[in-house]
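Next come two complexes built around chain A: one with chain B, the other with chain C.
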Partner chain A sequence: MSMHWYVARRVAWAVVATYLILTITFGLLAVAPGDGQTAFAFQAATEGGDVDEARETFDEITGRDEPLLTRYSNYMVNMATFNWGWSFTRNQPVMDAIAAAYPYSLMYAVPATLISIVFGYAIGLYSATHQYTLTDYVGTFTAFFGISIPNFWFGIMLILVFAVDLGWLPSYYQTGRGVWTLANAKQLILPVVVLSTGAIAGNMRYSRAEALEYVHADFVKTARAKGANDWRVLVRHIFRPAMVPLMTILVADILGLLFAGAYITEVVFQIPGLGLLSYRAIIQQDTALVMATTLVPVFIAIVGNLVQDIAYTVLDPRIDYGDR
Partner chain B sequence: MAADTQPDTGASERFEDVEWDELGGLGLPRRTQVLVVTALAYVAAVAYDVFVTDDAILSGTNWLFVLTLLVGVFFVVWPLVENRRLTAYYWRRFKKNRAAVVSAVYLVVVFVVGTFGPLLLAKPELNVLAAYQPPVFLSVDSTVPTTCVGQSADGLCHGTWQYPLGTTSDGKGIAKLVVFGMRVSMQVGLVTMLIVVSIGTAVGTSAAYFSGLVDEVLMRYVDIQQTFPTFFLFLIVTYLFKPSLFLLITIFGFLGWGGIARLVRSEALQRREESYIRAAENAGASDGWIIRRHLMPNVSNTVITAATLLIPSFILFEATFAFLGLTDPSTPSWGQVIASGRGDLDSAWWIATIPGVFLFFTVLAFNFVGDALRDALDPRSEGEA
Partner chain C sequence: MTDPLLSVRNLHVQFNTDEGVVRAVDGVSFDVKRGETVCVVGESGSGKTVACESITRLLPMPPGEIADGEILFDGEDLTDASEKRLESIRGGRIAHVFQNPQSALNPVYPVGAQIVEAIRLHRDVSKQAARDRAIDLLDRVGIPEATARIDDYPHEFSGGMKQRVVIAMALSADPDLLIADEPTTALDVTIQAQILRLLHDLQDEFDMSIVFVTHDLGVVAEIADRVVVMYAGKVMETGSVYDVFDRPSHPYTQALLDCLPGQGESMRPIGGTLPDPKRPPAGCRFHPRCPHATADCRAGDHPEPLTVDAGHEAACVYYGPGYDSSVIRGGSASESRVADGGAAVADPDDGHDSSGGDAR
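And now, the complex of A and B:
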């Protein structure tokens, strides 16, 4: 099977998966008892409006009085055209709310990703080439610490030590301090540390295991016999083949880890990014916003998986396309 | 296997001449007999609880927990006791890893205290007068608690043995909350693991054994399931339906087995080519028999290791959702206590800290034990760290 055919099939599969997920979500929405109508009516009542009228308005906006099939096709068309609905708690289209929120998520997620890749791979490679040394044990222990510590509790403990006791860093995020300022950097330190700890541990384990496969490989021994120095062996003969699986793991797994981790990090540090937006929407029963903010990471995961699989086939000549 | 059903055959009689049916068939081993009786009793008890009585004897989660414990006794403890030599061999390999031995002891304590503690202790109760008491041996400025239960001296309120780990902002004893939280964590971890392992192993071995269309359909389904991040699915479901521990266990259990299924499939594909499978096929064994008696036991080491490493992730998920307040508020989870202490970090640091320490060490211990099990159970991992 040619590579193009494989890629085409894989892309088609991603489209099918997206379609299925949207359908399942619609199904859940259709059968669920609580979908925000009460909250909408309650909000109308607190603002001095009529409750029954609000309920009708809600039904009209969401199209709940129409037959199921019409609702389904409307829903699908709206989803496909990025017309994802209206957030009544924020009085703006859902898309605008997301557009306003995501820069805040990027502000700490990008540094955290970079740090976790650089440190994770560096420590992992070092551990693999210096197996059973003190540094290797320290590294392994750090990895266990990183994957075991609950993100939210780690965040709270860091706040307790560095914000409450020592007073060095602010305990929660405040907007309006600019992007490239020292004040902003200071309040991003703790979120970046929390988010990257778990990811560093994950990367480290992967890269150590992956590099170990090549440390004792014949071609590495040959290179050493021919007089290549340690650095050259590490970079040219171990790191290069290990890169392929590491690159691809990075895309999907790190995305997933960061998204779930980011959710909790934003709630702990009150960063007004996608996670906090979604969390507030859940608490305030803003259905359209809940759906949009949870579906965005799901779609990113699908695209991530797609990119991972394609990258794998492009980067590794040994892959056989016939075997998926 | 069944030594107690050995037939009394004459010396002249040859093996082929034995009339097995006259001797009561092959006879079931004692473990199977007890297992069948216990299973029937369990089903009867659940049916009685669901259909006959109005007031529930146990909640759905607790019934599942009982089931998990029974499965653990029959499929882990019993075989280990029966095969003492193998157990001793595993133990020798396992105890090389000291951190794992300490972790295992810690986990046994958490398990026993968490399972039986809540039966003996009363539920922690609201008591505004006893709010913000510091843990025993520690003290806090007397302005923090409204009234000091222990000794009060030099403007400091000292902790008492009445509340060994202090109290929360509504006066619940943290020691008690920790014990109740142990049960929640153990239930989530073990029950979800049981569901995931059962489905994952069944799907993985079937896909590998039948191959062809069955394999394609099952693995395509796994692909879809794996693309949907469970964390966000649970967010949607918990938003649309009433959240509960039972819902969390079901969602993570019934949608989280994809990884195990893939792992088991790749392992079973190798086993399928072994000659003992061919021999069984030629002897006329049915598909179900081969899967149950030849494939599953031979992939079990892989499964047990992967399962141990899955438990901590379920515990972390539960704690995270409890922390976010997206689970049933009446479930006394560690995550919930941590969340309740978040606002009092500057005055009562112990509320958020202590349950988190237990959570962290429980997750860490499971990771250590899982890692050591991989080294002990997997014969191929010899010589590797």
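And now, the complex of A and C:
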């Protein structure tokens, strides 16, 4: 069977998985008690509106009183057309809220990811080729330090030292400074440092472990016997085969960096990205927004798995896609 | 005759470990002439692989270290050559073939790409020219339909075919010396014979010398011009293949030959084990297992290589003054091995330590 057929089947499976997840989400929402109506009515009341009217308005907007099957088909159509609902706390469509928040997440997540991959892999490979030397021990120690410290604590400590005591960097994120300005870069330094330390450490440990499997491999000796220099041996004969298992971790890492660690970091540094948006939506019971901000990472995970599987077939010629 | 292509002089290679210094190769000397096949034989752990991987410094250093000696290759001392210089010699003038073809090729690249890499590391040729040469080489080492198979990955080849690919890769830059470290040990016997024949044919065609490391005396008899017998980091005996097989002159070589099934009346294993490389015995390294050991064998240094015949040396006190080498060599080789060895073991009063190896 050809690789194209394999990829086509994987894509089809990704679509099925997405459909199942959406259905489950719908089912959970249909049986959940607090669906936002109360919160909506409460907000109307605090603003001096009529509570019963607000309830009706809410039912009308969300189509709550329709039969379940109609609601289900409406929901699916809305999902497919990216009409993901109305955020009543922000008075805008959910999609607009996400689109507005996303650039702020990317602003620190992209540099943090790049830094953690480059530095993590570089240190890991160096440690593997210099196993049990002083530099290896220093790298390993640093990695364990990076993994061990929790991000929220590290973030607060950095704010205390560099923002409060030294006053070199701002203590929280301010919008409206322009993306490519020095001021924006300065306020992104601390979040990037917080996010990348843990990720560098993780990447370093994984790449060291994977590369160690190949440092003493026979084919590495063959490559040296051919007259390849150290750099060539490292990149082509150690790192390239190690890329296969590292790919899994790499994709998971990027996803995790974008949507898990970022939560805490955004709250600590008050960055108005996806994490903070989701956090506020949960606090304020903005159901549509909570659902959207949770589904986005779910979809990215599905796409990520798909990318992983395709990457395997490209990277490892031994994978046989006939049986799966 | 001209100078030998490779001359290993008094080579000492040691590993500095936490538990102590391991002298894996402890004063080894041998020569390899142009066009000649030299077999280095010995038990596992005798230092033969370490010695051969030290020649181009393939051995990881540290922990390994060339403590003393010189390695003259075509007149150049490789022990103080720079890493850069060694890179151009490795694969270019001295090529290697290793024991396990299953893991000797990088699993993520097609075999052709790996041969092309070897060619282009040493020759400034275009990718296409290198590819054409790779196809020629694969064809030469007996890969059927080389043009179709050049883009196949290693896992699509059998063990014997992989070893042919490795050999093609080793030949890619017309080396002067091929160091083959047990290249047939991992293969089954029929494939072994094919690979040995292939190496033999290629040797004439490419006009190269071969250092062949093995513990298989059957293979030695098949291909060797000369034999270097190693034991516990020392050379015990060197000589032509006829000298060593027909007139084995060191008790260790004799014991090794007695291990071969179908030689003489019965097959006899060597009693005892290889000495601890961190604390080798004083005197001759082999004395605890030697049926002929005397007081001289147990003290002082390992004996110097002494001449037995022209071009045939053995590191054994029996070839020195005051000893009668016929005790070891006897009259006719095969008879004497059985007769003398048996007598020595049977008679404990003649000054020989017959039970040394077993009694430890």
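Heads up, the rule we're going with is that the second predicted complex is superposed on the first by the 311 of 324 C-alpha atoms of A that agree within 3 Å, B and C clash if a C-alpha of one lies under 4 Å from a C-alpha of the other, contacts with A are read in each partner's own complex, and residues count from 1 in each chain.
Just so we're on the same page, contacts are C-beta pairs under 8 Å (C-beta built on N, C-alpha and C of every residue); 3 or more make two chains touch, one makes a residue touch a chain.
Please read these numbers as outputs of a predicted model, since none were measured by experiment.
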Fit or clash - chain C, chain B, common chain A | fit
So which one touches more of the residues on chain A, chain B or chain C?
-> B
Could you tell me if A:M247 is touching chain B, chain C, both of them or neither one (first, second, both, neither)?
-> neither
Once both structures sit on top of one another, what is the angle chain B-chain A-chain C taken between CA centres, to the nearest 10 degrees?
-> 80
Touching partner for A:P297 - first (chain B), second (chain C), both, neither | first
Touching A:A32 in the superposition: chain B (first), chain C (second), both, neither?
-> first
Considering only touches as defined above, state whether A:V7 meets chain B (first), chain C (second), both or neither.
-> neither
Tell me which partner A:Y279 touches in the superposition: chain B (first), chain C (second), both or neither.
-> first
Between chain B (first) and chain C (second), which, if any, makes contact with A:W153: first, second, both or neither?
-> first
Quote the smallest CA-to-CA distance from chain B to chain C in the superposed model, rounded to whole Å.
-> 13
Shared chain A surface residues [contacts with chain B and with chain C] | none
Residues of chain A that touch chain C when the two form their complex | 217-219, 221-229, 236-237, 240-241, 244, 315-318
Would you tell me which residues of chain C are touching chain A in their complex?
-> 56, 58, 84, 87-92, 95-96, 98, 100, 103-110, 117-118, 121-122, 153, 155, 166, 169-170
For chain B, which residues are in contact with chain A within the complex?
-> 223-224, 226-229, 231-233, 235-242, 312, 316, 319-320, 323-326, 335, 338, 342, 345-346, 349, 352-353, 356, 359-360, 363-364, 367-368, 371, 384-385
In the complex, the residues of chain A that touch chain B are 13, 17, 20-21, 24-25, 28-29, 32-35, 131-132, 140, 144-145, 147-153, 156-157, 159-160, 164, 171, 212, 256, 259-260, 263-264, 267, 278-279, 282-283, 285, 287, 290-291, 294-295, 297-298, 301-302, 305
